[in-house]
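See below for the structure under consideration.
Each chain gets a letter, A, B and C, in the order it is written, and its residues are counted from 1.
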Amino acid sequence: MKKVELTIKQQPELYLETENITPDAFAGKSADEIAALNVYEGNVTHKLGDFFSIAGTPGATAADTQIVVNGNLERVKWIGSRMTAGEVVVESSMDMYAGAFMAGGKLLIKGNAGHFTGLGMTGGELRITGNAGNYLGAAYRGDWRGMQGGVLRVNGNAGSDVGSFMRGGEIIIGGDADVHVGTHQEGGKIVVKGNAKSKVGGQMVKGEIIVFGTIDVMMPGFAHRDNVDLEVDGTKATFKRYEGDLGERHPKSKGAVVYGQLYIKQ
Amino acid sequence: MSKIITDVVCPFCGTLCDDLEVTVSDDGKKLIDVSNACAIGAMKFLHSQADDRLTKPRMRNEDGSWRDVSYEEAADFSAKMLANSKKPLMYGWSSTNCEAQSVGSTIGELIGAQMDNTATVCHGTTLIAVQDVGVPSCTLGEVKNRADMIIYWGGNPAHAHPRHMSRYSMYPRGFFTAKGHRGRTLVVVDPRDTDSASIADIHLKVEQGRDYELLSALRVAFRGEVLPDVVAGIPKEKIYEVAEKMKKARFGVIFFGMGVTQTLSKNHNIDIAIQVTRDLNEYTKFSIMPMRGHYNVTGSGEVWGWQFGFPFCVDLSRGFARYNPGESSSNDLLVRGEVDSVFVIGSDPGAHFPFGSVKKMNEIPCVCVDPHITPTTVVADLHVPVAFVGVEVGGCAYRMDSVPIETHKVVDAPEGMITDEEFLNMVLERLQKIKGV
Amino acid sequence: MAEYIVKNGFVVDPTLGVNCEKMDIAIKDGKIVETTELKSPKTIDASGMIVMAGAVDVHSHSAGPKVNVGRNFRPEDKLNYYKAKSGVKRMEAGFSVPTALSSGYIFARMGYGFVMEAAMPPLYARHTHEEMRDTPIVDEAALPVFGNNWFVMEYLKNHEIENVASYIAWLLRVTKGYGVKCVNPGGTEAWGWGMNCVTPDDPVPYFDVTPKEIIKGLIEANEYLRLPHSMHLHSNSLGEPGNYQITIDSLKCAEGFKANSDFGRDQVLHHTHLQFHSYGGESYGSKEFESKSKEVMDYVNGTDNITFDIGQVTLDETTTMTADGPFEYHLSHMNNLKWVNKDVELETAAGVVPFIYNPNSFIGVAQWAIGQELALLTKDMTKCHITTDAPNAGPVHRYPRVIKWLMSLKARNQILDDCKYGDSVRSQCYIGEIDRELSFYEIAQMTRVGTSKCLGLSHMFGSLKPGMEGDVSVYAYNPETDDDPEKIEHAFGNAKYFIKSGELIINDGEIISNGHKRTFWVKPGMELTAQVNRDVTERFKKYYTVTQNNYEVKEHHYVPNPYVIEVNAA
């Protein structure tokens, strides 16, 4: 795998939109061609080279390209969005839309990620060593197809609206999650290793939510069915199993109604 | 001598009453009296007659004092500010007509602005919910002619929309509702003891911030599933009882206000209230409608809808329209430092935005177009007073049920004053010159 | 105004009896003229290209309240589908529901000069006009809906045709409407109580008239008023398996009526999106559902007073929207997607639901097949019009794809071969038995001659005869050398040149002007009868929530560039 190293050399006055920082956009290009890619600050179009110094060369394909981004990226959006293959390592916290609509490859953020991280993601691996903002792995506005595949792992805490309209894939949060986990969830799995606030699994059709800590107010549409032993992300424990949302529509499979599954560690 | 103008449309709230009568002096210069309006609406008309009204634009001096300038100078300043910005925010648009909004769109497109309206702090969450689950709704006349169950959730129409109950929901006698209020059941859901709640047949005093849970519980009850003993402070027996009443209504409607749109769960409250309504259509006929605030906030969303495809939080910076509240919403833009100038028209964010946002407005160049002196004009570098829409100039406005009604001019504006639309056109002409198009 | 000569193209114009013949077309002062009348024209070189009159669309939903609902509640429809502003051309967005601005550009790129907005709720007429005003280039008009209107139903209870006509005349004047649309007659009013009228004989709750009486009454009133267009019908039970007999029963309502109009049409009934109404079987299952296009067309081909448009399914993700409120409710329960409903006092309702026509499903492809069959089984192509009931059966920008399928058996077979249920569709529908391929001449009959005649506009549009509107479309397809269905689709979606009312709009594929669009409306001569005058006044006082004076749409702002067609009563 060939490596391109970017280092931010000038901070934007406002925020910078850099959806071109992906293995897909870099693959097969020379350093000059990469420097000539567009980045945007409000209504002004700049060149990537105006804000970043560029070292190394990419591979011929996205899959053969690794990008490392250095410096303070807290005012930079969209890194790794829509990437389909290859690797991106962000050596800093970054702003919104990391890995939005990502379909494949690996994206690692060494720090915090802003809102809408992994928005509408369909595949690949997205890892955040710090905290994530709101709408982690959620659907874009109006879309009933939220996260559909891939793995999204946050070591720290996540904001509100994790995994809204989730259809597939897996979200694992090492810390706590704010309100509204798995709203309208219809597939996939969300794991919260810390505590969840209220409104967990509201309007859930199917899929799984697993909470290691506490939920401060349960939704009324979840009924306790039984207790089960599970191994979740390397931890073996007994979980209380709930089904819901009983107020929501549910499909049938082989004659039986399929409910959303909510597990809370005993 | 005086004359009476009928069928006058009230430019105050989203109820958009169109049956006002206004008495004006024979020469059409003085507004003397307003009838049929609520107290707030009447005040809006009478306020235009205030003796101390500003009639000239004023610009901030270095020392913070004001100096009068001409509309030409004001347009020059505004155009330069917008042209020099990388990411200008053009905010408000809810207390002006669709004609002005349309000129605003042309400007916004030309300069790549962020366009947002007052829904951003009001019913924007409703718009998001509708994008997620749709909305079964109707015009207000359907409520008047058919409804036998009226629910106000998180709102106090007796104060905020004073004629709503008498014109449309509770009291009117309609085609299939000849008994008026005697044939209707009123339910109010509100943690507070409001004047609206005091006349309700059923008042559900929901625990604050738990509307989402209560609405969810209603859905569980519709399906005959088991509920916990108490949800959101309401005993389950009561929830089952209300759920049954809703199912048995002939035509029901839920009106909801900022008590649910801007409290914990925000768009999710509306989302699930819409699903409650959707569920009820399996048993009977039910509708749901937001109690939109400003008289033409709905129109702003409609105009941007057909011009850009989105009802608020429209980001035009890249030469095409994008949308994502949470990023392109005014308060996020201001607090995060995403914008470098603000142009306010037809709204008073100084009074309604959080302190952090207003502070930012004070730091960056700010123009405010407004007939009144407001908290926003306090932080503005330029204040452009204009004629009152619906009083001194007509134009289209959209009621809370999206019915478009043309407002009317009833008196002349003070001499020399221009309208929102005229001022925006002056700014547009200058911008076209600057941009060479 | 500049003069143009479109030189050396292969001209296709059934009104001239010209089929791919090399001819020059001259345009001056906004009109088609004899080439000898030009003084110093600009030349447009159309060698190797098809030249047709501007196309006329008979039925699409591109402006108005439910269209805007479709835009505003579907941000995801624009996420990956937008075009940046460029020169005079403004921003565009939306795959299935384009913005008003985008709509105008899409129609222009397809060479359309006139578009009929197919359903205008009268109470929202002002909104519809604001959108049409902001739709650049194409001339437009809108059809107000009457099939569930309280006035109409009350009068038809006693068969008071003169009163219905008087009310229609008044409503067209105050809403600046073009003609009479009827959607799910009676069923939408029943929906006010959550019910429906499933057959043409189901009485409407309370009003106690039947859909049949509404259809016949509106036809009769339409002819009484001598309107340019006929009654325009979306009959009961749209989309329901087994509905074809309901459709034929509804079409039979036209029997015994003859067109009474000075505008050149022959039909008294236009049935829209007939594809949705030509279903047999009892469910959507691949063993149950079947096409009844042949049965419906056997009836239609035998009549001389009915026209229709196909409502072709294009196998896309799209947005359905109709005044058929109960249908949209039903649809939302089939796909569990977001549902908007809007009931409109005294008049109508509307519903909006996103929908995915899956090209790999039996039902999607069967619906697709039925649309094709209707066109391919038509004898007189001027009676059959290309539509997608946009955006219901597919986005409007798919018209060129529909043309491709109709012209190419190969392209049709590809759809069937690519679908795993292709053989089921061949056995449950007629598509497998049909090898007809339409010609450019027939496409011009469907999209120019037939539609302009149907709307009563054949004196202005659909022809390149001198004196007609200067609407000319030039498509980069050489009928002598090209033989690729994909190229047909590309050519018809990307006009090389488009002249609208004598103004060059598209030059070498690029939009260079926003044109001077007009809004057409019809002003019937008939005055209010005393009875209708009293009823209107009373109902506004008692039941409407706007006053009568605030109901009327004034031209000044909403119809700034009107084209008024005055019609004298009998």
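Just so it is clear, a contact is a pair of C-beta atoms (placed from the backbone, for glycine too) under 8 Å apart; a residue touches a chain by one contact, two chains touch by 3 or more.
The structure presented is a predicted model; accordingly, all values stated were derived computationally and were not measured.
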Report summary line: Relative to chain A, the most remote chain by C-alpha centroid is chain C
Query - Of B-C and A-C, pair with higher C-beta contact tally - result: B-C
Query raised in the report: CA centre of chain B versus CA centre of chain C: separation in Å?
Result: 35
Report summary line: Per the C-alpha means, the centres of chain A and chain C lie apart by a whole-Å value of 44
Query - Multi-partner residues of chain A (at least 2 other chains) - result: 140-142, 144
Query - Contacts with two or more other chains, residues of chain B listed in rising order - result: 131-132, 318-319, 323
Query - Multi-partner residues of chain C (each touching 2 or more other chains) - result: 73-75, 77, 337-338
Requested in this report: Can you check the complex and tell me which residues of chain B touch chain A?
Outcome: 85-87, 111-113, 128, 131-132, 210, 212-213, 216-220, 222-223, 225-228, 231, 264-265, 268, 271-272, 275, 279, 317-319, 323-327, 336-340
Query raised in the report: How about chain A: which of its residues touch chain B in the complex?
Result: 13-15, 17, 40-44, 96, 115-116, 134-135, 140-142, 144, 165, 179-180, 183-184, 198-199, 202-203, 217-221, 223, 245-248
Report summary line: So, in the complex, the side of chain C touching chain A is made of residues 73-77, 79, 336-338
Query - For the chain A and chain C complex, residues of the former touching the latter - result: 140-144, 249
Query - Touching residues on chain C, where the partner in the complex is chain B - result: 63, 65, 67-68, 71-75, 77-78, 82-85, 90-94, 97, 99-101, 123-124, 126-127, 130-131, 134, 150, 192-194, 206, 329, 332, 337-346, 349, 352-353, 542-547, 549-550, 554, 557-558
